[in-house]
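Structure provided below as structure tokens; questions to follow.
So that you can tell them apart, the chains are marked A, B, C and D in the order they are listed, and the count of residues begins at 1 in each.
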């Protein structure tokens, strides 16, 4: 299938390469020439604008850093004339946006697309650059069932777990609500581990108990933030690799703003956002997000 | 074995009966005559004080509501003369305290016992009255390895999972640190579920995604607080049964005071304690602790 | 002076009337016909768009509900053609925006105005509808000194306290940072009063002590939230009148989003935003903001 | 008047000296010989126990570090025999405790004293060592009116502001509730100042505005935490001198425990306790409590 692919950064690059591996043909666009070059070396066609990238393709995939980028790439102007995907794409072509953005913007852009005759699904991912390279990402997909079914074989070239979350925007809702739970549970684990050790327990013994009890969570049994409890996690290699604290902060900012707009209290979510903000202000934003335990224990 | 058993409430009663079932002989004590009567009907010998209850037995088990009770039952006076266990028990007899109390008191009393010639383990439980009746409690045991091995066959009459947590007091540490994680994760789940639904998702679909992702925890996959997501949990029967919100509040109060005494920050633990306090003040203390979601959604 | 005035709601109406009283001539615009009618009855000229309202006047004043309104009124389009103030106003005319919005938008719009040849000051107010009617508002003004001096005599027709806060956007910064402090201090007072009374003190006696000690603040000595402590405050008339809890929630939402964008932690500010959100969710948003004490005491 | 004085540390020493200056005769006790020596050099009689110190005096004043000390000094035993004040003092002698402790203990000890025939008032102070030396302390007094009137002339030798707060324990309630408000307001000021400056305002200009608006509080207008805003405050001399952050942490710990015992939510009070705990863990406990702003701004 001929696919337009826009956004060729750390995530977009390996995702595009996995589409190539499965025999698809790509036309690509990015504002950074170096990122484009890596794909042209693999034989991809280059477009000069999102509109051009969407012209003559059978499907469009986008992977962008934030809500304003998504708006601009789909409906933006350049020097006064329309340059966005919607001004170039043929009606009927399915649009897949894999960016993590706020659900409100996702729904807005999907409505604009619909008005233009194009169906759109939001399909944010989890799994990080490792999952993108291995083709094992999870895609959380919001959109009509028929569109989900159409998107699925394409997404399966890049991921392993393709989940339908309901209508437009629900992929984003699933992603940010899950990540809010994750952030709070990581801090819960950090506080529990640090306190148990301060009160005299061995960290592995305590983790073993919590992980077979009601306190267990992914952050304690799979990604424990206390150094030495698990092998092959960021906590056991100086919090390098993994999912950056500043990326978690970005998701927490998204989710707390979505909660505010929806008038929905999220007391611990808001506190978690503040704790990651403090952690980042102290200079730890580039470390894995499990490094939040540094707020609670001396090194 | 002849065992002295003190504290015959909702938890102590079924625990004592399970010891009887396994062929042990009991001498019992409680300040509430009605609670004592239920055991005498089963043939237990009655004692008039903790000291008397501990006289002539081979092992002592206590199950009491709070730290001051434990102190008083082990080392207290009545009308000016010593009436506690330590004034009646023979040196060498092992003492097992299954109360949930603060680790500091647990260690203090264990030291008093040691000075008197008795080894002691703290062995708080999880599993609730259901587990107590079924004999499937988890015991988190703090004390020397030799004492743990001696206590184990007795605890196995009342529970299924007997875990050694390290030295004296560590059973309490494991219990309260696990429950702090549990409380925070329950609130994380409540906030995540409520927000996902407010933003337009089906609660079962969202729970399904979180439970196979990094947001999963016991509170989401085994005890989900959103009505209708799981069968046979308190959320699906009006938050009746289960583990009461006021009991969680009691444990959170214990753990945050232990953290204060240890100068250990527990930011979300303190916020969780306050949220359960608010919930209780609003009149929901008798409901299951998953009812905390009422702070976040309209009924 | 001939002034264009846009935004004729609860605040804008009395502000416009005070300008009339001081002999100024007004041309007015609002999207709600009923609000416009009240001013035409007083002899004001009516305009059909913001652009038209700004044409041929010597100064423009706007009083709008939120950031998107401000952007749209200054730079918006209607049916594809420019209809905002900047497309109608003559270069050199001073623009005064009295809306409470985020500082970032305030600075953005001021830059757009500058590019068009118009200087602009942001001049949000405090003092509520009472102050607007009495002409005793405080104006916090951000902009160049020369523009501040030009705006001052006009603002003095509507207010008593005209404060220069520095460059563009600083009026907004002063307003929202002050209101964040106010919200936190109001909750501090509510918690202190409620706890002192629960612990056995008379509320007036405790307030008297705090107000002459280091705990004193405007919320305790001038606007006490405990019923019966002060006369003529909302707490002593069922929390009617005053500054609505939902308006405080709006300002807290603005300030916490500005803090997020600036990567500045505001731990208690974020907690205050959540508490006002909870209070609003419970149905108390229309009451005065001192009613937040309802979270802490039984009625 | 012949007065027994117990507790001769940083606060007790200058308080005792001020009593001497006003012509009173002192019999003193402290467990630290060096502290006692400083008073014997001034001609005070020395006692060998609290009981001995209270024998033959007309009034007793105590100034101790914590609740357990107060219990022990009033009702304790030494080597198995009663050594506390109540075992030595004559019935009818008034007892004044100026320690800052929890209201519950204060009321308990006052009841013990009453049973022994002695009236007691709790009279914690504010004003620090500076106020103790200058004789300008504020005393917050809990007890009967008649006892308050009897205590007043004595307290006026050591302080300037003598306030009756109601019955036994209310002095403590006033002290800790005021200090909880103070701590929250200090953090409110720190967050407001730091955010206003990050968003582009001059710190003095913003403080000037807040201090004449609804955000004003003692922490902003008299003890501003931002360096350079006020002269002669700890913020302008590297946070030396003043009221130590660890002393504020101690008071916050007292007040949040009193709130827990009373089942009274104090959401921001609990958050403030945690923030001071974090600040202390980072090594800043010895600085003035306004240094909490270090959590919010780079040095």
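Throughout what follows, contacts are C-beta pairs under 8 Å (C-beta built on N, C-alpha and C of every residue); 3 or more make two chains touch, one makes a residue touch a chain.
Everything numeric in this text was worked out from a predicted model, so none of it was measured.
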{"item": "Partner chains shared by subunit A and subunit D (touch criterion as defined above)", "value": "B, C"}
{"item": "Cα-superposition angle relating the copies subunit D and subunit C, to nearest 5°", "value": "180"}
{"item": "Furthest chain, CA centroid comparison against subunit B", "value": "C"}
{"item": "Subunit A and subunit B, separation of their C-alpha mean positions in angstrom", "value": "40"}
{"item": "CA centroid of subunit A to CA centroid of subunit C, Å", "value": "37"}
{"item": "Subunit C, residues touching no fewer than two other chains", "value": "264-267, 271, 278, 281, 295"}
{"item": "Residues of subunit B touching subunit A in the complex", "value": "103, 126, 138, 140, 161, 163, 165-167, 169-170, 173-174, 177-182, 184-185, 187-189, 191-196, 198-202, 205-206, 208-210, 212-220, 222-223, 255, 258-259, 262, 264-269, 271-272, 275, 295-296"}
{"item": "Of subunit D, residues touching subunit B in the complex", "value": "253, 256-257, 260, 263-267, 270-271, 273-274, 277-278, 280-281"}
